[in-house]
Every structure is written in C-alpha cells, then in structure tokens.
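Shared chain: subunit A. Partners: subunit B in the first complex, subunit C in the second.
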Partner chain A sequence: MAAPTTDYAYFPGCSLESTGIAYDKSLRAVFRALGLGLHEIDDWNCCGATAYMSVKETVSFAISARNLALAERQGPRDIVAPCSACFLVLAKTRRFLQERPALREKVDEALAAAELSCECRARIRHPLEVLVNDVGIAQLRAAAKRSLRGHRFACYYGCQMVRPERYFEPDREFPMAMDDLFRALGAATVDYPLKVRCCGGMQMVTNEPVGLDLTQGLLDCAVSLGATAIVTTCPMCQFNLELYQDKITARAGRDLHLPVLFFTQPLGLALGCDPAALGFEHQVVPVPGDSLTLAEAGS
Partner chain B sequence: MTTPTPEPDLRIGVFVCHCGVNISQTVDVESCRDFAAKCPGVAVARDYKFMCSNTGQEQIERDIRDLRLNRVVVAACSPLMHEPTFRGACEKAGLNKYLFQMANIREQCAWVHDDRRLATEKARALINAAVRRVAVQEPLEPFEAKINSATLIIGAGIAGIQAALEIAEAGHPVYLVEREPTIGGKMANFDKTFPTLDCSACILTPKMVSVSHRPNIRLRTWHEVESVSGFIGNYTVRLRRKARFVDPLRCTGCGQCISHCPASRLPSRREILLGGAVMTEVLPPSNGDGPHRRSWDTSLLHPEAQTGTGPEQYSHEIVSDEEIATDLEKFAQPRRKGPSPMQRYLKLVSAQAKMTEEQIGKRRTGECTGCGFCTEICDGLVGATAIRMAVIGKDGKGKDIRRPFLTSLEACIGCGACAHVCPTGYLDIRDQAMRRGGVKDFTLGNDRAIYLAFPQAVPKVPIIDPLSCIHLQTEGGCGVCQNVCEPEAINFDDREEIEEVQIGQILVSTGFQLFDARGMAQYGHGRLDNVISSLDFERMLNSNGPTGGRIRLKDGREPRAVAIVHCVGSRDENHHRYCSRVCCMYALKFAHLVKDRTSAEVYQFYIDIRAYGKGYEEFYSRVLDEGVHVIRGKGAEVIEQRWGDQSDGILHVRCEDTLIGKVRDIPVDMVILCNALEPQGDAGDLAAKLGLSRSPDGFFLERHPKLDPVGTVSDGIYIAGACQGPKDIPDTVAQAQAAAARILATVSKGAVLLDPIKASVDHDHCSGCRICNTLCPYQAISYDAESNVSTVNITLCKGCGTCVAACPSGAINGAGFSDRQIMAELEGILV
Partner chain C sequence: MAARSEQSTQAPGMLPQSERVLREAFLQQVERIPGGEKLRRCIQCGTCTGSCPVSYAMDLTPREVIARFRAGDIDSILRSRTIWTCASCYMCTTRCPSGIKITDLLYALKRISMDRGIHAARFPVHVLSESFVRTVNRHGRNWETGMMERYWRRTTTPVLGLVNMLRQAPLFLRLRRHGRAHVLPKRIRGIRQLQAIIARAEQIERPVESIESKPITRRVGYESIGS
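Our next item is the complex of A and B:
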C-alpha cells in the first residue's frame, strides 16, 4: 500500500466542544488508535454555520476562510471537519474562493488585515471519508480488536455532508461508506432508506412541529427496521435525533427510544479503545451495557 | 499544377449580405461594402438583404455578365451553408466556380460579438482576406467518380431494416451490419407501440423475415465495422465477424442445445452465492483475456482446504467422495438421445424435494437440503470439482447434516450450473449490479450460455457466450450441446474473421442506448426490488418475456399500485439536458397496459406531458379517461419503507405536486422509470472511423438541422433514426426512407463530381525524400523507386494538406489551398 497521509489538521467546531463532546472524544481516540495525527487548528473560530451564509455572504466566507488560513499556517495538511455543517461550510468556502476571483479578492483583503493569507490548497475532509479512503475498510478490519457482531445499525449520513458538495459521488443519494465499514467490522446494518434525509436542522428551534415531523420519520423508520442504534456523522443530527425522543414518543404514541451514536463510538469499540474514552457517558438515551463488552474479533 | 500568374485585369465583385438583421445588427454592412469597393482589383461592391435569395443570386449572375467580373467574393454566412449556392450562381453565369471565395461574417463574426465597431472592423478584415485570396485563385475542374451501387448499413434496428428493404427493393445490394446476434433493435423488445397500440411483433417480424429472404441483402449479424476508407462511391470497409461457435449454414434452429445447456449466461458481472455469502465473483474480461474471477471468503472453504487462518474454524468432518449421494446415477456422460443430464437432474431433484420441475430453483427457501446435486454437477459435468460436501453435524433424527463447501479459492469457474440445479437457492446466482436488490432476470429468450436472443430472432441461429460456456472456459468440460446437436452445427474452434467489402455509400442507423438509472441512486434502481427500467418493463410486457407478458412483482404477485416516473436522466442538468421525446408517450402506453392487464392504480409523475405527434394528444386523453392518476411533479425519490410485515405499498414515491403546491408521498408496489435515450456508448469510436461529427449531446450531427436531417458533413454518409437524436418509430422510419431515397438518387446518377481540392507532387522538384509517404493519414502517397519521386493517388487523397506543409522541397501543391493563396489570405487579415 502506498504510504497514506497520516497527519491531518483538525477543525472540531463549536458543537464538538458542547453537545457533541462524545464525538470529539471518540474521534480523537480512533485516530490515536490508528496512529493518525490530528492537529487542532490554533485559535480556530466558528465556521459561521450554514445560516450565516444567507445573511451576510461575504463576511461568512471571510470568517470561515480565516480557519483555512490558520490551518495553512500550521502546515500543509488536509483539514478534518467532523461536523457536517462545518464540513459543508468550509468546503463550500474553499470552492467559492477557488471559483470566484472577485470574492477571493475581498476575502484576501479581510485576511490580510489580520496578517493572514490563504492558498486554499488543503482539502476539507470528513473523517468518515478519511477513514474509508485513506486508511481503507480492509485495513480497519485488520486493525479491529473486537467484533461488532450483534449490533444492527441504521447508518444515517444526513444531508449536508453528502449532497451539496457531492462528496460521496456517485452514491451521493445513497452513500454506502458507513454501511460497508460497519459490515466489515461484523455489525449488521439495516437498509435504511432515509439515510440522507434532513433531520430538521435548526428547524427544531425555529419551527418545532416541522422539526419534530422530520425527526419522527427518521426514528420511526429505524425502529421499524429493527435497528439497535442509529449511527450518525454529524453533531446536529445526533442532537436532534436523541434529545427529542420523549416528546416524539409521546406524540407518536409508540416507543421511539433508540440510542443515537457517533460513528466513531462503535468504531472505537471495534478498534479496542477503552469504552470509557469514547464518551458514552454523555449519551442521553443509554446504550445497553452489554454492547460495550464485545467479543474479541475472530472468536 | 504550376503557380498561376495573377490576371492583369482583375475584376472582383464583392457582395455583402445583411442576412435580414442577423449580420446587419452587429456589423455595419454599408461601411463594409464601401471598404470593399476600395480594395485593389474590386470592380464592384454591393450589399443586399438576402444574398442567397433568387434576387441576390441573380444580381451576382448579372454583374458577372454585364461587368465582366472574373472573381467573386460573398461576405455572408458559413461556407458550409451556402458555398454551393453561390458557386452555382457563378457557374450559371459562366465563371469557373473555384474563382469564388466566401467570407464568413455571420457565424464567425456577427453572431459571436456584440461590439458593433469591433465587429465591423473584423468583418472588413475577413472581406479583405477573401479579396486577396480570390485574386490568386485559379480555375479548377471537378473530377468524376463512379458510384459503386452497393450500400453499407450499420445497425439493424427498425431504421436499418427499413432502409435496407427500400434499397433492396430498388434492386441494389446492401450489406446490413448488426453487432448483436439478431436484427430488430429496441423495437423487437416491445409488445405494443404507441399511439395506436398495434402489436410490435406483427409489424416488425415480417420485415425482419423479409430482410433474411432478400438475396441482395447481405446480412452480417454479430459483425462490427473495423475500418472504413475511401470516399463517396468508393469505400472499402473491413468487417469483423465475431465468433459465434454455431455454424449458421448447418444449424436448423431446433433449440436442442439450449434446453440442454447447464451454464448461465446472464448477468455478465455475476456472483455465485453459497448460503447467502459470495462464493465467487465473475467480472467481465479485461484486455482480451478470459473473465476475471475471484473468490475470497476463506470461511467458505471445505474443512480440508481450510488453512486455519480464517476468522472461523469449522470442526466438521470431511465427507469422502464415496459417501456423496451414491443413490444418484452418474450424470457426466451426456447422450445424444434421451433426456439431458439437466433433465435427469431435475427429475431426481423434484422427486426428492417433492416439487414439480417448474418449482425447482424457484422455491427459494435458501435452506440447503444436502441433496448433493450441486457437487455432482460441478464434478461430473463441469469437471471443476470446485465444491464438495462436508458433514457439519447431526440433525434431530441423528442423520448427517451435509453442506457444500469450496475446494479451493480458485477452482470455481462461476458457470452457475450448481445454482441452476440447486432446488432451494442455497446456491444462487445473482447480478452483481443488483447486489442490494434481487436477481435481475429481465431477458427475452433464454438465459443459457448458448442462447437465442428471442424466439423470432433473425437469423434463427443460437450463439454461445464464450465467457459463460463451460467447455470454452475449462478447455474441454461439458460439451453437452455438441453432443445433442444433430446437424453438428456446434463448432468450438470458431474464431473471428475479417471480411473486406467494396461499397459506394454508408447509412449509419445505430440507434440509442438506455440511460443507466443506477446513476441516480435516489430512485433505487438496482437496489430496490420492483424499481425497474422502461426497457425491462417492455420485456415484461412482451409475451416472450420472463413473465409471459403478465405484470408481476419479483415475488410473483400482481401489483396493486404502480408508479411511472418520467424524465429519469432527461431534462436534468446533472445528466442529459435534452428531452428524450418518446418517454411521455411510452409512459402513457405503460399506464394503459397496466390498467388493461391488472386492476392496479397507476400514478404518473411528470414535469410536462409532451404529446406532440399525430394521434398522441388523443391517446393522452384516452389514457386519462381510463382513470390514470397524473401528478405534475418530478419524482424526487423512491424509498422502501414497511411497517411490520406489511408487503403492499412499501415503495414510496415522493414528489412536489406543483399543481397543489404540496409534497406528496405515494405508496406503490412497483416503480417504472422512464430512462432517457442516450447516444450509444461507442458513438465516439464510430464517428472517428467514419469522420462524422457529433452534436454536444453526443448524437451524430446532421448536415443541417432543418434542411438536411439525414445528411452528414461527409458526402456519401447518411444517418437515420435514433442515432441522430431521440425519436419515435414513425420519425425513425421516415428518416430511414429519406436516407434510402438519397442513396438511391446517387446510385442512379452512377457518378458524382468531386471537388478537385487535392494534393499533387511537382516531380521536377521532388527530391524523393519520402517524408510525405508516412505522414499522409490516408496512405495516398506512393513512391516510385525507379524515377525516385513520390506521387499522390487522387482517389485516396482527402485534401487535408499535411504533405503540402511537410514537403521540405516545397514540391507538393494543394489545389485550391496553395501556399500563395493561404499567404494572401493571411496578409489580408493582418494588414
């Protein structure tokens, strides 16, 4: 195998310091277990989230370009952005700066005022794609210390990572990367038809009934397919899917409680990380204890 | 050809065209005219609204006669458009037509600029160039080429068939080349055709049979065009006949071979499954070698072959060869008379498994009964011994439980014979493309390694797929078909052959291919059962199809609700921007047939209904009256969602209903996708072989979109049918007939006049260096050792000019494109 990139710049984003702290912990643990470097960008700032772009376009590009510039100053590494919204905003910023010279000029000016500059060379990567492509499913399987047999995951990718930037071509409408990964690690995955449907995003705050409708559909489908957990790639999706389960169960009239995990948590288990380091204590809907003590791989 | 001396009294006429407002709104035509009037040698300069009109042409003729013009320049549109028109006018007035030059101030100037001042300046430069060039042009004489009356038709869909019949009817020979084993094209798949709903076979089959009976149609199925050289009237074409392994002269079409063959042909990317796990994967061959096979799952290995490193260890006993199913008779020796090994297998299996022979392999319980048929056939008939039995335990009654296992990771050839005899589907074969869905089985005709495309195939001669045939894959196994074929038509040593034919004209009628909807994962084609493509549905509707014309779901039930999703890959920025034209109509045809043959509800998801043809709108109204639901909104996605063990309505089609402004979610049992029609995958290769152009959408480019839809930029080569753009059968047939008429007109002329734009070598200056010999892309230059000079064969020369530029002695002259003329033109632009 050609020597893969093993060093990445890391943009955690605001969520991974708060609601998505389990994602941050488990992601670091997984990268450590695989011997991959994660270099957090010094002094990073909020990416602006997807909403800001439609409010103040140029400013939003400038603040997210600041992160690209800071990362570049630390070295020529691809930037890993685990939150789908951050991933999308950073990737879009990079593309727009490359494609639109007029915008580039304005942003360069803003950066220059902070004594920064940005070549936009570093690619923006989602950790799922990094693990699947740079490390490879076969390698991950070889590195596994425990089997995930017995789990039945609904792999949920959400919309922001796959659709707008066409990240998982040609399967952008029906990505399989996470499914393939977990199947290789011994878990079963359900054929989850809503895997790229919107979780409601910020609607949950601004227009709760719409948000609840969308989330209810996702939970309902996963439960009906007999999933033991939903596995996500995005802190926003995880938050929406997990936190409203009491409300949704009440309005649906049937039990729609289901653990909602970050994909790095079960992956960490398979790779033999200490379950205590994977942030399970932050789970609102508890993960059944026995699934944390998994069989040794190959036994 | 010698360098001409410029005529002392040049009298050039310059005519500048307004082209209505096409040119004049961007270019100041009057000022161009005044500029031209002052150019050296110009006797008269005029402008006119439409130079190509009768009045315009008459003006040129009058001026040639009255003002004794001896050169003419027209500044107007592209020479592709009207050069012949104006050359004709010159000729009529007695001026040699090669003393004419055209300046393109429309396509290359007015249409591409918006700054009037700069555009006018450019137009003047172009006129100046044309004036200077025409001043040094010389009279040339066209030469005559005889027309070979034979025609080559490439592609035998309805277009090729129709044209072949028309030309043959007029008494002229046709080579009809089809790359598939049978003629018929897409239409042969259909059951009914819109809008009249007449039976496709009833109108097509007689034509197909007629093709095979005409002595002057030389049918070349399973052939491809290798290369084409020459020019109108005199083409030399090399055809490649692919190996068929069945001698068409001996074969009687009895079909014995087919009913005895144990190997599966379809699909070409297939997997053999053992107990649900992939045992062997067969991929199409890469660079000419046999198919690529892979087995990788060591856990499927027979205990004897287990290396001990697999993730799971089997502790079962090994079954010795003697123990295996000794109560079965040995099948390995095929006999010419009596039941085939397959038939004997099926009899035994059915007796043992208490099923009818039809049920075998269809009752897919997926549980192994330990019958041992798979290992028997693999060992005895295939000779691969790729699987063997092992005992994995005892059942309740203390009897051994036996299961098949792989003997080694390489032994299996992936023929599928085991899956074919497995009564339960424990051993199974599936299309790899359908990995997430079920087995793909939408074929007409049979699915054996030796097959006939469909029962009415012309010629009615089966063909062996070498990648699926056990004999050809194992160098010697099986051979059942050879044993059962009475007239001894099977020839395993058949190899491809090249045939060279001389023809005069070419018709390209290669049709279209269907857009692969797997590229739009939101519709789930290839992933969800019962989401099918339009052509697959046509095959299902066909009485020769997999269901005998009944509309059925994968599990054999009749659907209760069917969705038809329009514009899959058409009118879509991500795929094809164009409208595929026939989809709305075949969608309505489908709706009608579903209503006719089932009691299902039908939902059409459309952007607009395009019912543009004769009788089409009426057909649309009729289908609406039948109670079909039409929903205006493009189908956004198809999602499989079931509650509990619900089995009806599990496919949900979502769309925005733009008439009521709401998102709708319609549960159905079957989704039919209206895939776009797209250019054949190899259209680019064929275009290169023939020197054709293609439009941006990839279809072959016609000479003129309105006025010459069947001609091409290459004289003597025509296009007809869906290879020119998506179209229905009536339009296809009309084009085929038009092309045939054009071809026959040329044949009846017997000869054509060709432009004398050719290279010639001045032997006095040729040093015999032979540089040009290898450079000429058409091998038109030969070298004569005795006189030490090269000579151009003008029948082969295309006038490309490569040699003219390359000759170090300046000995080669291109008539009509001499160095002097080109330099004069350049100077005209630059000064």
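Our next item is the complex of A and C:
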C-alpha cells in the first residue's frame, strides 16, 4: 500500500461507541489497511441528532458547530462521519451556517461563550463516499486480498445519507455506489428495490407498530430476494434491522432472520483485515463462521 | 387555541385572531428555512403523500397539511398526529416537483406545537426528545441506556412505566451480552464549555412571542392526539 496520501478528521458519533461499535472497529481497520489517516476529533460531543434539531434550533446548530470548531483546530481536514444521522446533522449545520448569516451570527455568539470559533470550511463526508470517490473502486479492487465470491448482499442505503444533503450520487432514488463496490470485490448484490426506503428510525421506539411495519417490509424483501446479508451504512439502520428480527418473524409468521452488517465489515474482509478486528463478535444475528473465510482474490 | 365558534363567525376570507398569530409564528420559522418560501408553489399533486412510507398512519396526509395551511387552518395541523408520525425520511422533499421543503416545514410545525405545549405532557415523541436533550446537556454525549430508561418510565404512569421498563430488559441484556450497551455514561472533558455554549444559545433563542395554550388532553400515548 502506498504511503498515506490523505488524512481525515473523524467524528465517530455516540452510536459508534455503543450499539454500533462494530462499525467503529471495522471502519478504523479499513482505513488502516488502505493507509488512510483517521484523526478522531478530540473530545467531540454528540451532534444533537434530529431530536435536538426539531426542538431547539439555535442550540442544536451551536452544539453541532462545536465539533466543527474543534476539528478545525486540529487541522484543515475533511470530516468523516459514518453515522447517517451525524452525517446529516453536521452537513446541514455547515450548509445552514454558510447560507444563513443571521443564524451564523447567533451560533458564533454562542461559540464565543466557550472561546471557540468556526470557519466551517471543512467538508463533511460519509466514509462510503470517501472510499468510492477519493480511493476509487478500481483502487479498492486492486488492494483486495480476498474475494467476496459466494456472498449475495442486499445493499441498504437508508434515507439520511442519500437524500437531504445530496451526497455524491446524483441518483437519490436508486444509488449504486455500494452495489458497484461489492460487485467489484466479487460479491453478488440483489436488485433491492427498497434500498432507500426509510426503516422508520426512532419510530421503532415512539410508535412501534409503524416501526415494525417498515422494518418488516425491508427484511421481507431482502429474504425473498435470497440475500445472504443486508449491508448498511448507518448504526441506526443496522440496529432496527437486526434487533427486532425475533419480533418481526413472530408477527410475519415466516422466518425473517438475516445477518445485518456494516459495509466496512465485508470490505475489511476483502482487504485482508483480520476478521477478529472487524467486530463480528457484536452481531446479535450471527454471521455463519465459514463465510468469514474467503478465497484469495483472483483465485 | 381557535375556538370553533370564533371561526364560524368570521367573514369570508378573514382569519380568526388565533390563526393569525399561529400563522405569524409559522411564517417566521419558514423564513429561516433556505427555500422555505416555495411553499406557495404547491400544486396539490399528492406526490408527497404517495411517497411517504408512513402516510398510512397519519390523520392528515402531507399534501393535506399544505392545503390546510393555505386554507388558513394551522390549528388543526398542530393538533394532528401527522407532525409526530413523520419519520424525517425526506422522501417527500426529494420528490416534490415544486421543490417544497416539506420535512423542514413539518419540523417548524413541531417546534411551534412544542413551544405552545399543545400536546399531552407524556407524549412519546416529546419525552424522547426531552430525555435525549437532557442526556446530551448533562454528559455531552448520548447515553442510550440512561436515555431509554427515562423514556420508558416517563411516557406513562409510574407503575406502567416500571412495567414498560422491565419489558425492555431482554433487549438491553442482549445488547450487553454483545458489548453494545454501556451501564454508565461517558462524559466529555469539555462539558462545562459545552454547557456554556448551550446556555448562551438558549438565551439567544428564547421565543419572542409566547401564547398561552392548554394541553388538549391528559391522556397518554398516540391515542391522545389526532382523530
């Protein structure tokens, strides 16, 4: 692998320290394998998520901006935010601060209370987009040590990453970046029509019947298409899809159990990372052990 | 809030006083949304409703929300379950042919509804947001265990709350077993700094207008709102 060419600031987000810890482990492993720098923002705080944004506007932008300010101090690097919700909130904060001078003034004033200031230059990036655009699928394929042959993924993009802040793909109805990536690495991907349909997010907590309906639809479709796993880009999507499978199987009257992975886990396998470093022990719906042992790439 | 009798005695084309006040507050919020003014251009095509994954569970569809606003009836929107059923998935906003920021408009309506205390105190979405905000204000990071514990306790009566909490125990234990839940919160070092930012921002934000409003019901849960 070439010497590090690119360095990124890293905003893990609260979920990656708890429910989504496998995402944190596998993301770090992938970046390390590719020789990319990932510098965690020192003492970052919760971005506030949509829950905060819908209640107190100025406050939510101000606490989110603290992270941008702290990152700036550490150097002018793009900020990688793997949780779709953090990605959305940070990207929205940056854009609103750039487009709304009145809000900017208020946030600057709030930050000044802590002797911070923020230029808001650094871009907010989702790791999938970084890997596909900055590294490139061809490069990733060249760096692969193993083949994902035999895997058949349903690539699930969810909503927060694809829609509101327009990530890299012009097609917000049917993105293909993850599909293209895994196909290049030897896996098959199913033609998953619900790939950007919402899983319900926090509705699973506040309005469970609706949350279960939406998630059941996603699982049902993936199982019917013969997927061996659903691959996600967000800790909350992963959580909703994985942790309610018993309940959903019971209400659907058909077995809807299916492993749900973070895209960095199979990617890490392909790049030859040690499976033990990719957080598979945190799966509640286990991944069959033999599927972790892959054939050499190109064999 | 708008008494029905008041509304029925209005001259055609006139809005009742309370509706004018709500409208004022809403339009102030709309102004702050980049592109918010496109609201005028709704052609009532229903694309938003057709694209919404949860419109089946709403009492007013997203299209109707826009229609009611234009007909001068924010009051009924604020009392609907629609604003709380929205999952913020942005499908409507992405597809709207007139570029209307429906999701952000629903956020604005949520804020107005909360500012005015229109919903029951133990309404799930409020309690969740509030539990989340408290956790973040105190620790600087979210602590799911503490937040959810509070949520399950507070969304109902104390006794039922305990039952609710116990029903969540298997999920929690499962997460624990897989190393995915913390028993204790993690506090950031710069918590004082963060709290200073929050305090200052709260000062700046304090709503200018404050209008008295009685909660519509003391019932709890989703049954407490909408029709």
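Everything that follows uses one rule, which is that the second predicted complex is superposed on the first by the 292 of 299 C-alpha atoms of A that agree within 3 Å, B and C clash if a C-alpha of one lies under 4 Å from a C-alpha of the other, contacts with A are read in each partner's own complex, and residues count from 1 in each chain.
In the analysis below, a residue touches a chain if its C-beta (ideal position, glycine included) is under 8 Å from a C-beta of that chain, and two chains touch if they have at least 3 such contacts.
It should be emphasised that the depicted structure is a prediction, and the values quoted were computed from it without experimental measurement.
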| item | value |
| --- | --- |
| First (subunit B), second (subunit C), both or neither touched by A:Arg104 | neither |
| Subunit B versus subunit C, judged by how many residues of subunit A each one touches | C |
| Contacts of A:Ile21 with subunit B and subunit C, given as first, second, both or neither | second |
| Touched partner set for A:Ser224, first subunit B, second subunit C, both or neither | first |
| First (subunit B), second (subunit C), both or neither touched by A:Asp191 | first |
| Touched partner set for A:Ala114, first subunit B, second subunit C, both or neither | second |
| Partner chain in contact with A:Arg172 - subunit B first, subunit C second, else both or neither | both |
| Subunit B and subunit C contact sites that coincide on subunit A, given as residue numbers | 172-173 |
| Of subunit B, residues touching subunit A in the complex | 311-312, 436, 519-522, 524, 527, 637, 639-644 |
| Subunit A contact footprint on subunit C (complex, rising order) | 32, 34, 53-54, 57, 84-85, 87-91, 93-94, 103, 107, 110-111, 114, 124-125, 128-130, 132-133, 136, 140-144, 148, 151, 171, 174-175, 178-182, 186, 188-190, 193-194, 196-202, 204-205, 222 |
| Touching residues on subunit A, where the partner in the complex is subunit B | 170-174, 191, 193-194, 221, 224, 297-298 |
| Residue numbers on subunit A that touch subunit C, as the complex places them | 14-15, 17-21, 43-46, 48-59, 61-63, 66, 95-96, 99-100, 102-103, 106-107, 109-114, 116, 159-160, 163-164, 172-173, 197-198, 200-203, 205-207, 209-210, 214, 243, 281-284 |
